[in-house]
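We just call them A, B, C and D in the order they show up, numbering each chain from 1.
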Amino acid sequence: MPPAPAVPRYAYLGPEGTFAEQALRQATAGGDTAALVPMASVDAALEAVRSGDVDAAMVPIENSVEGGVSATLGALAQGEPLLVVGEQVVPVTFDFVVRPGLSREDVVRIASHPHGLAQCRVWLHREFPKATLVPALSTAGAAEALLDPATPWDAALCAPIAARRFGLAPMLTDVGDNPAAVTRFVLVSRPGPLPAPTGADKTTLAAYLGPDDHPGQLLELLEQFAVRGVNLSRLESRPTGEGMGRYYMSIDAEGHVAEARVAEALKGLHRVCPKVIFLGSYPRAGGDSAPVRAETSDAAFAEADTWLRAIRNPITPPTSP
Amino acid sequence: MPPAPAVPRYAYLGPEGTFAEQALRQATAGGDTAALVPMASVDAALEAVRSGDVDAAMVPIENSVEGGVSATLGALAQGEPLLVVGEQVVPVTFDFVVRPGLSREDVVRIASHPHGLAQCRVWLHREFPKATLVPALSTAGAAEALLDPATPWDAALCAPIAARRFGLAPMLTDVGDNPAAVTRFVLVSRPGPLPAPTGADKTTLAAYLGPDDHPGQLLELLEQFAVRGVNLSRLESRPTGEGMGRYYMSIDAEGHVAEARVAEALKGLHRVCPKVIFLGSYPRAGGDSAPVRAETSDAAFAEADTWLRAIRNPITPPTSP
Amino acid sequence: MPPAPAVPRYAYLGPEGTFAEQALRQATAGGDTAALVPMASVDAALEAVRSGDVDAAMVPIENSVEGGVSATLGALAQGEPLLVVGEQVVPVTFDFVVRPGLSREDVVRIASHPHGLAQCRVWLHREFPKATLVPALSTAGAAEALLDPATPWDAALCAPIAARRFGLAPMLTDVGDNPAAVTRFVLVSRPGPLPAPTGADKTTLAAYLGPDDHPGQLLELLEQFAVRGVNLSRLESRPTGEGMGRYYMSIDAEGHVAEARVAEALKGLHRVCPKVIFLGSYPRAGGDSAPVRAETSDAAFAEADTWLRAIRNPITPPTSP
Amino acid sequence: MPPAPAVPRYAYLGPEGTFAEQALRQATAGGDTAALVPMASVDAALEAVRSGDVDAAMVPIENSVEGGVSATLGALAQGEPLLVVGEQVVPVTFDFVVRPGLSREDVVRIASHPHGLAQCRVWLHREFPKATLVPALSTAGAAEALLDPATPWDAALCAPIAARRFGLAPMLTDVGDNPAAVTRFVLVSRPGPLPAPTGADKTTLAAYLGPDDHPGQLLELLEQFAVRGVNLSRLESRPTGEGMGRYYMSIDAEGHVAEARVAEALKGLHRVCPKVIFLGSYPRAGGDSAPVRAETSDAAFAEADTWLRAIRNPITPPTSP
């Protein structure tokens, strides 16, 4: 590592020109003063964080159409601990770029990442019913390759940032079957101080259920949140990889672990689950703060604490002389 | 009050010779070194505690046939705070005593406290179908009066201790319709240090529900216990006296407030209920300790605390030079 | 029984002149066309119903100051089945009557049922601090006895109806420590057709818990109601009489068993409890109907039924020829 | 459609030689008497069912490593109703096939479906650290293409059935990072009669939560199952596609809708959720029947029904003449 500069280094799911790069630039206000390092896979990006090679990595965690991103959820829940310190929501609409010099009628083969092709399936069928679809390893790679005369495809669906990066004037923009489609990315670092609470935060967890999935075990888990008034914004059963039917729960809870209701819910979880992995408390993208009910506010917890302390350690009234 | 002796003074629901006196002697191992003061009512006994006139009072709280004792439950839940520091369970079977000199055939009128008459109703009907039943202000009073020739009854049903006290040889003992009948008495003192936990304790509470008894409010209250694995050994809705349909919950929970699961449940109750009155943590009569599930033990709570503290205040690994 | 008249016969907790008679006259609009039969005890009144000697009986079930009436709750939960077919709420304020000819200063001994004395305790202490209190078997009996010169007391606290009945001009009316005090009475008959639902009904039950009161068993019982949106207006643990710590739950639920949500909750209870006793569905006194949430209305249940039937018995679309 | 034969036609996620074909042959005991029709996508396969072009389709629904298959879960939850009538669990280990004539040292480029590459990532890195990985549209297509001299890759990872089909002798078998990896496939037909209950069944649902995801709404959903003792073997929040944070719950419950406890739970769900889609009750792969608790058996439900009917329609004892 260079001794002098202390320029922060951020990895992202590459190559250059992906939606992940777009998310990272969004998070770093352009990223001009940071080194942005594209990585070949989510695993590689997170491994670079763990090894200290980069300070943090931006990886996709959830897509509004496809759901949770297995590679990221899996990598966070296994291996050396990591910490989510922020999130970015990026609209997922594509630029349609073609090999320079070609016109629309020339397009016979269209490439993109399989997920990109899937999200434009209806559009492709309508606009290019006869085109052959070619899976590529990334949306950006599919675009960049158009600059190489040997590439066996004529057009690509890619992130707007890729079109700009590779100097490809998009023939069409805002392409996609679902105009509301977004992907949520998380910025992941090594364990360290948590982002300060903002009043509109999110806490991410992985909670394992015991081997004996008796009726009500999941209910018991959820009650740990409900009884402290903690809302869940995401709850997914994810395979542990140990075989069909073995799951852990991937959870986003509203609030910050610095808040009493979240802290007590987590402690409850820790008691009833064989394993709980804390993955971070960080500001919610969007930043709208949900109202907290009076009886689950920090003030209510503090008051209950004071009350209980007085019960446990009563001050005996002095006897009259 | 006498300046010197410091002999403890205990009130009880009198007059002399009641089951309450029996409970108090049971608790004080005979009570020889204490001053036992009979009081005319539960209210008077508890008032004597509040005023400092006595150190504690023994009053009935629950009968295995009749249920909760309104006077005691009501007096504990209102007025200056009091603390239950112990309990005694006393078998409720009666001695049948007659005026000295009379034989069984002479018995025409039989007196006792109305509860005493109620608990011997079947027996009375079988053994003395023609007798007139006379309500008295106490079982002991009914017995003692037999020594007064002017008393208009011939026999009484009273506690064994009363028969002995007044020198009345019981004509019959172990009288009562339900041989398993017992009354639970509590020893009540002013607020002060709690009895130390023994592993087989009980915590008594009064918890008020809000004015709006929406479906599930009681459920919410119970979940505060359930989610921390705290069992309830008694749960009664009691009128608040503010009108039909307005209740508070009178609760006996297993465990001591010095235990983490009980403490957290109480704090939860304090947050969700408009008012919670802590009435004491004290050794259970019988003293059988119920097993505590591993995930709700003090050790589990302590470990969860440690885990959460580490999450909130992570130790940043030192950066390599 | 007389062959001809068919005048309905109603028993009540006597003697003549009690609050129970007042409740019965309230229920029968004066009761002029019915035979009203005073009985010596709740047990006797209910026994007369069981034996067919009367058509129904009016007995107290709950007092807004003292709570549930053990004798009634106990008698309903045991023995031959009975059915509550109506309820009446009666204000419990007393007339203070004195022996004809006496003035206030002459009053030395005051009689009433012990519960009457208890409910006027503060008033008695303030107005007659030196009077001797005499327990009587009923408030009405205490009043009527004033007409007998041999009666050893000078005044009585009784129901207004008793003062009128015995021609005793009350010296004071509306006496009582709690002006809001009321007693709820129930009209009990033999099993038969249920009163039709009115939209403002109540269902009364006795539900037994199993011998193994594990944490959560009571919760499980309550969830049977909560999950169907059935509110409880009363919930009391009552002793089964089999020993300290053995309870059944005495329950008033809002709604009528003819309504789907109540019916399903009762069936759930029947499955999870060793024993459930149905004691009646009848119009609520007061008659205010609580709003039923859309998802727990009879319409919602009926629609769910239709939906499920279609799932179980799908109509196979005819195959094209 | 041909008028005569009535040979059943089954679609599957093609092309020929996929794990889906393997699942279908497993289900049809070889499939010799049926027409098996490969389709280009899950959507196309299910569309063929809806249109009546085929009788049923075999599509992947869940992978023990990656989790739920978005394309299938999404297609089932939208559009014309479909019915799952069976499931098959297929081990996901790969054959490693090379272009005929090449030896291991000749392998420079390796192709497979991206999921196939992901599931062999560790193995590929260890065995062929220098190879270029090429994404293909299917594992089978990657293999078949090896027969074409123009194909720009040398080896493929494919299902055993593909190697056999295309006459490619596998260089290595049982390849994969996770030897326990399996994929669960479902056989989907148009709505029609349900498979008969076997005692070891599964019911699949999609349940939508309301727009207002208040704390406890998910809990309410789960309680509908818990209170009837119905265990869940899978619970996933899936995006509705309407934007980040909008989910429906994809659920596998243990039991058959012909069973009372499952039926009542579904009806409860129908009442509290804005939308519930029933996707089928069918025999569980593996076929181990989980024990049903006595209080949630069909017998217990039937008995409760009988009890309630008697309550609602009591037989009035005949009056004496």
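Just so we're on the same page, a residue touches a chain if its C-beta (ideal position, glycine included) is under 8 Å from a C-beta of that chain, and two chains touch if they have at least 3 such contacts.
Keep in mind that what you see is a predicted model, and the values were worked out from it rather than measured.
Annotation of chain A and chain B: not jointly contacted by any chain, touch as defined at the top.
Separation of chain B from chain C in touch steps, taking the shortest path, is 1. In summary, the pair chain C and chain D forms a contact in which both copies contribute largely the same residue numbers, shared numbers making up over half of all those used.
One simple way to say how far apart two chains are is to compare their mean CA positions; for chain B and chain D this gives 60 Å. Taking the mean of the C-alpha atoms as each chain's centre, chain C and chain D sit 57 Å apart. Rounded to whole angstrom, the centroid-to-centroid distance between chain A and chain D, based on C-alpha atoms, equals 26 Å. Shared interface positions of chain A, defined as residues touching 2 or more other chains, are 223, 226.
Screening every pair of chains for touch gives A-B, A-D, B-C, C-D. Chain contact summary for the complex, chain B toward chain C: residues 43, 62-68, 70-71, 89, 114, 118, 121, 133, 135-137, 178, 180-182, 184, 213-216, 218-219, 222-223, 225-226, 229-239, 241-247. For chain B in complex with chain A, the residues that touch the partner chain are 52, 83, 190-194, 220, 223-224, 226-228, 257-258, 263-264, 266-268, 270-272, 278, 295-296, 300-301, 303-305, 307-308, 311-312, 314, 316-317, 320.
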